[in-house]
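Both complexes below contain subunit A, partnered by subunit B and then by subunit C.
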Partner chain A sequence: MSLIEALLSTAPDATAGWWQPSREAHRVIVERHGLPDRRQENWKYTALRPIEGHRYQAPEQGVLQPEDLAELLDANGVPQLTGSRITFVNGHYAPALSHVDDVAGLKVRALSQLGDAEAASASAELATEFSRPDEGFAALNTLLASDGVLLEFSGTTHADGQDMATAPVVELLFVDVPGATPAATAVRNIIKIGPGASLSLLERYVSAGEGVALINSLSQVELEAKSRLSHVRLPLLGEERSLISRLDVRLGEGSDYRCFGLDLSGTLVRHDLNVAMVGRDAQASLNGVYAPRGKTHIDNHVAVDHRVPDAVSSQAFKGVLSERSRGVFNGKVVVQEGADGTDASQSNANLLLSPDAEIDTKPELEIYADDVKCAHGTTVGALSGDQLFYLTARGIPEVEARRMLTTGFCREVLEGIPVESVRDHAISLLTDHLQDIQA
Partner chain B sequence: MATENQHIKELVKRRYEPGFFTDIESDTIAPGLSEDVVRFISEKKNEPGWMTEWRLKAFALWQNMPTPKWAHVHYPEIDFQAISYYSAPKSGAKYESWDEVDPKLIETYDKLGVPLHERARLAGVAVDAVFDSVSVGTTFRKELAEAGVIFCSMSEAIQDHPELVRKYLGSVVPQGDNFYAALNSAVFSDGSFVLIPKGVRCPMELSTYFRINELNTGQFERTLIIAEEDSHVSYLEGCTAPMRDENQLHAAVVELVALDRAQIKYSTVQNWYPGDEHGKGGIYNFVTKRGDCRGERSKISWTQVETGSAVTWKYPSCILRGDHSSGEFYSVALTHNFQQADTGTKMVHLGKNTRSHIISKGISAGRGQNAYRGLVQVNKKADNARNFTQCDSLLIGDRCGAHTFPYIEAKNATAQIEHEASTSKISDDQLFYCLQRGISEEDAVSMIVDGFCKEVFKELPMEFAVEAKKLLEVSLEGAVG
Partner chain C sequence: MTQNILEIKDLHASVEGKQILKGLTLTVAPGEVAAIMGPNGAGKSTLANVLAGRPGYTVDSGSVSYLGQDLLALEADERACAGVFLAFQYPVEIPGVNNTYFLRAALNAQRRSRDEEELDSMAFLKLVRARLKALHITDDLLHRAVNEGFSGGEKKRNEVFQMAVLEPRLAILDETDSGLDIDALKIVADGVNELRSSERGFVVVTHYQRLLDHIVPDTVHVLMDGRIVKSGTSDLALRLEKEGYAWIQEELAA
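So, the complex of A and B:
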């Protein structure tokens, strides 16, 4: 059974009527294009082989009790966060594991529970057509998604200069509990931040138990004028879990989007982060750390599309690659005709710690306007001998010195996370992970 | 507004100086490509059987290849059956002495400023001139022969040094390497052949001048340069074509082989006809250039100034096979009007302690589209490989485009790779500074562009550097405003 056949067999039997037309449209697209392969430029360095060869099935629903979840989060070192939490287990909304704080203007619902009338506010996103041959997983997501969140926030206008740290926090938690057979789930999220509102979003994936699972996640985020969103993504994946995620963000005038990703584990992890600047003076800061080990393959594809003048974007991605792992980074900036005053920067730095690790990186620029400031820098190297010498000469054991340098190399990327508890959590995850890497 | 009008006038006035056509009788076969045409070319050149077979194998491979579409360039599909694959001046391709050369040919090259005759002596550069499909003359043979250097046309090399040609031809760019290399392997008409023997430092610069003249012809030349152990050579290449409304195809292959401690420096000033200001006509320049640093401590350096062609698509590359070998790539690519360029380099690190250095400067003006596409690949056994890449783009005008597609693949933990790129326009501050000092806008732009390209120009041999600078000025005329 091919991968696509296996995945198609997980299609939900019955879905809401309002979702049906776009599902059917995407079934046609999926049948036409299938899944992407390495002949497509965007998949040049990522083969699907690691996730092939499994008879995926849609996993059972509702297999997690609240106390199990508490235990699971505890085991993963997740601290208790204040704020709302929406939990999905195996791709289905778990009301017993969720709570939404009483925050003015915050409206959180599961897609599966939307009535026909409420569905209108999600219909445009769900009808988005993913018809390019290299977006097979996005098309599949529309066809297969079992659930997801519709999050709308039209909270009070933030005062200028107000710290993002004080914005309300919402956590989206995706737990996967595979059974005896390999599990495939798909979730779809729609997030809308109203004019002038500020929100902190934590998107987290946690694996329970052993087993093969493939998660297909697609989120569409809309930031209206002058709104702000900080978005932290922490996939804490088990060894045999794979994640194919896509995040499409549209930035309205004067809005501010900050994204932080931390990828440490899994079999195959692929992120497509597409940011469209559709309003003037918008700002996007896209950050990521990847530190795969074992045979983990982590691929970050970032594309920023500057369609209007005077928007600012920055990309900062750092990778530490050890053992037999492989990292891929593709950062793309497109400055469309007329998008003058654009300021776009990209940086990607990589540390190769093992003779068997590999990094493939491609920072692309496509520029069709002349009054722009665009720069990118990429480096690949080992730990600097000078720096090691400096530390060891001061009596720090070499193992410790390597750890310090490796951690220092990438933790700065996470230091911009506005919410302190989330920041500390992310940094401690990274530090613990790097502790036992054989540098 | 007044100055703008002035600039528009200049733009219209702008002339492609080498765009004349030489009315010379020539032997041109009917358009079309088939096995018979390949055999015809081979026969016409009186080639031995193995060469014919080699070409036919390439043709067979080519027939099964799809036309590549991945480059960031757009052009109507090429009808390969509408091109004539062989054209030569009628008076014969072989000349015993310069007096036999058709004066019209010498005049052509004089007009182009290529020293073929007495002037060559003054300039001190040995030239091989290729007119449409054939080499029309190579200068300084005697002097070179005394040093042991072989510098002749490819056709002659096939006759006189078949063992060398058989050994090296296709050893860097095999017949089936890519679509245009396969096409070239099947139908190449001529080109230059150079062998620098062990320990010899070539006593003078070698140079080839390519000229497309006939209508509806394609030019497919093949250059092969072999530098034996401890030798050194600097090679220059220039190209022009008449102005025509039709697009013409130029698909060359250049192979360089550097053995132990040998050094090859290959410089190109490419000025094929770029088409007119409406994007009509111009050359499609689809070239495969690759150097193989086969020996330890060998070095290959590519320098290119690309101002011509409607569409340029080339990646002069280095295979760094020998330990301690190094590769360099210095490039200035300018696109104006409707020109498109997708150019860059590949540095493939295979040996230990190999180094590569890439400096690429792209200038886009008018509606020109300029893309840098590069690959730096450090393979598993290439311990301590080192790469530095810098690619800068300069935009002049708001309808042009500058693009960067650098591929970096590192499979060795001791690799050290750095890549940086920037894109900007000529800043108002810089212009203001110059204007305030009484420098005209046009001169100011030309100065700034010259400064932008300096790192590359300084790598060019002197006489080429002057030409390149002038070429850039002419090509940019009317771009400001």
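So, the complex of A and C:
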């Protein structure tokens, strides 16, 4: 059975009527294009082989009790954070594991719970057509998604200069609990931040138990004028779990989007982060750390599309690759005709700690406007001998010095996370992960 | 007779196959500040780096005894733990590693090696505050990443501050005056003077006399072509400042 056949067999039987036409349309697209392969430029360095060869099934729902979840989070070093949490287990909304704080203007619902009338505000996103041959997973997501969140926040208008650290926090928690058979799940999220509102979003994936699982996640995010969103993404994936995620973000005038990803584990992880600057003076800060080990493969594809003048975007990604792991970074910036005054920067720095590890990194700039500031820089290297000597010359043993340098190298990126408890959590995940890596 | 801090005998060392030190002999007694002066390329920085155990510097022959033990048998971190401190000519920037965190890790590594209890962050902070006060420097360096974005003066100040916290028995200052304006130089020199004690030895490597106006050495040694060719007191440094090194070369040729 091919991968596409296996995945198609997991399609849900019955779904909300309002979603059905889009699913059917995407079934046609999927049947036409199939899944991407390495002949497509966007998939050149990421083969699907690691996730092939499994007879995927849609896993059971309702398999996790609140006490199980508490234990699981504890075992994963996930602290209790304040704020709202909406939990999905095996791709299905788990009301007993969710709570939403009473915050004015905050509406958080599962797509599966929407009535026809409410569904109207999600319909445009769900009808978005993914018809390019290289976006087969997005088409498949529309066809297969069992559930997901519709998050709308029109909350208190923030005062200019107010610290993002104090914005309300919402966590999207996706737990996968595969059974005896390999599990495939798909979730779809729609996030809308209203004019002037500020929100902090934590998107977390946690794996329970052993087993093979493939998660297909697609989120569509809309920031309206002068709104702000900080978005932290932490996939705490088990060794045999894979994640194909796509995030489409649209930034309205004067809005501010900051994204931080931390990828440490899993079999195959692919992120497509597509950011469209559609309003003037919008700012996007896109950040990521990846530190794969073993045979983990982590691919970050970032694309920023400057469609209007005077928007600012930055991409800062850092990788530490050890053992036989592989990393891919592709950072694309398009500055459309007329998008003068664009300021786009991009950096990707990598530490290769093993001769068997590999990183493929590629900046892509397409500039069709004249008055533009674009900077990009890529580095691939080993630990600096000068830095290492500086630390050991103070008495720090070499093994510890290597660890300090490795952690310090990528820690910087996470320092920008606005909410302190989330920042500390992300940094401690990174530190613990690098603790026993052979630098 | 008390034990010397440092005894270097007939030291030969090379870098990338090129011989730099060619039979260097030098002794530093407790409480002594020994200045090493010499023209560019004489091997001053090589000496400092060889003593600190920097990789890439090969000792071909000779011996270095530090408080009676074979210094060359120790790794760089072991030398530091034994009480050897190198103030770098070019302190390295380490983004992402906090200065306080780094220094506490260093101090605790040294304490562990001496079977002393590690300091927790409170106790460490107390120690740091006391040292800062003694050196009359502010705490703005503490909260930043190690040397990142520091000015030349701040970097050298950070070196002296680390020295004050780690309390070495042997401090090697490698061209600590390079790149400093006179005010920064004075702060650094005052810090070093504060740390002078009868227990501690200093090797002050410098190209110019001006540092020695502020850190007055007990002995001055001229290093030329990989060897100490002349030794004297601080008067020797003054003569070198006035007349350069040519007269020594002539003396040697005679």
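Going forward, the second predicted complex is superposed on the first by the 439 of 439 C-alpha atoms of A that agree within 3 Å, B and C clash if a C-alpha of one lies under 4 Å from a C-alpha of the other, contacts with A are read in each partner's own complex, and residues count from 1 in each chain.
Just so it is clear, a contact is a pair of C-beta atoms (placed from the backbone, for glycine too) under 8 Å apart; a residue touches a chain by one contact, two chains touch by 3 or more.
Note that this is a predicted model, so its numbers are computed, not measured.
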First, second, both or neither for A:367, with subunit B first and subunit C second: first
Partner chain(s) touched by A:127 [first = subunit B, second = subunit C, both, neither]: neither
Touched partner set for A:375, first subunit B, second subunit C, both or neither: first
Touching partner for A:100 - first (subunit B), second (subunit C), both, neither: neither
Touched partner set for A:395, first subunit B, second subunit C, both or neither: second
Subunit B versus subunit C as contact partner of A:412, first or second or both or neither: second
Comparison of subunit B and subunit C by subunit A residues contacted: B
Parts of subunit C lying in touch with subunit A, wherever the complex brings them together: 52-56, 75-77, 79-81, 85-86, 88, 91-92, 94-97, 102-103, 105-107, 109-110, 113, 145-146, 162, 166
Contact set on subunit B toward subunit A in their complex: 70, 72, 378, 380, 393, 395-425
Residue ranges of subunit A touching subunit C (in the complex, touch as defined): 384-387, 389-398, 400-401, 404-405, 407-412
In the complex with subunit B, residue positions of subunit A that touch it: 41, 45, 337-338, 340, 350, 352-355, 357-382
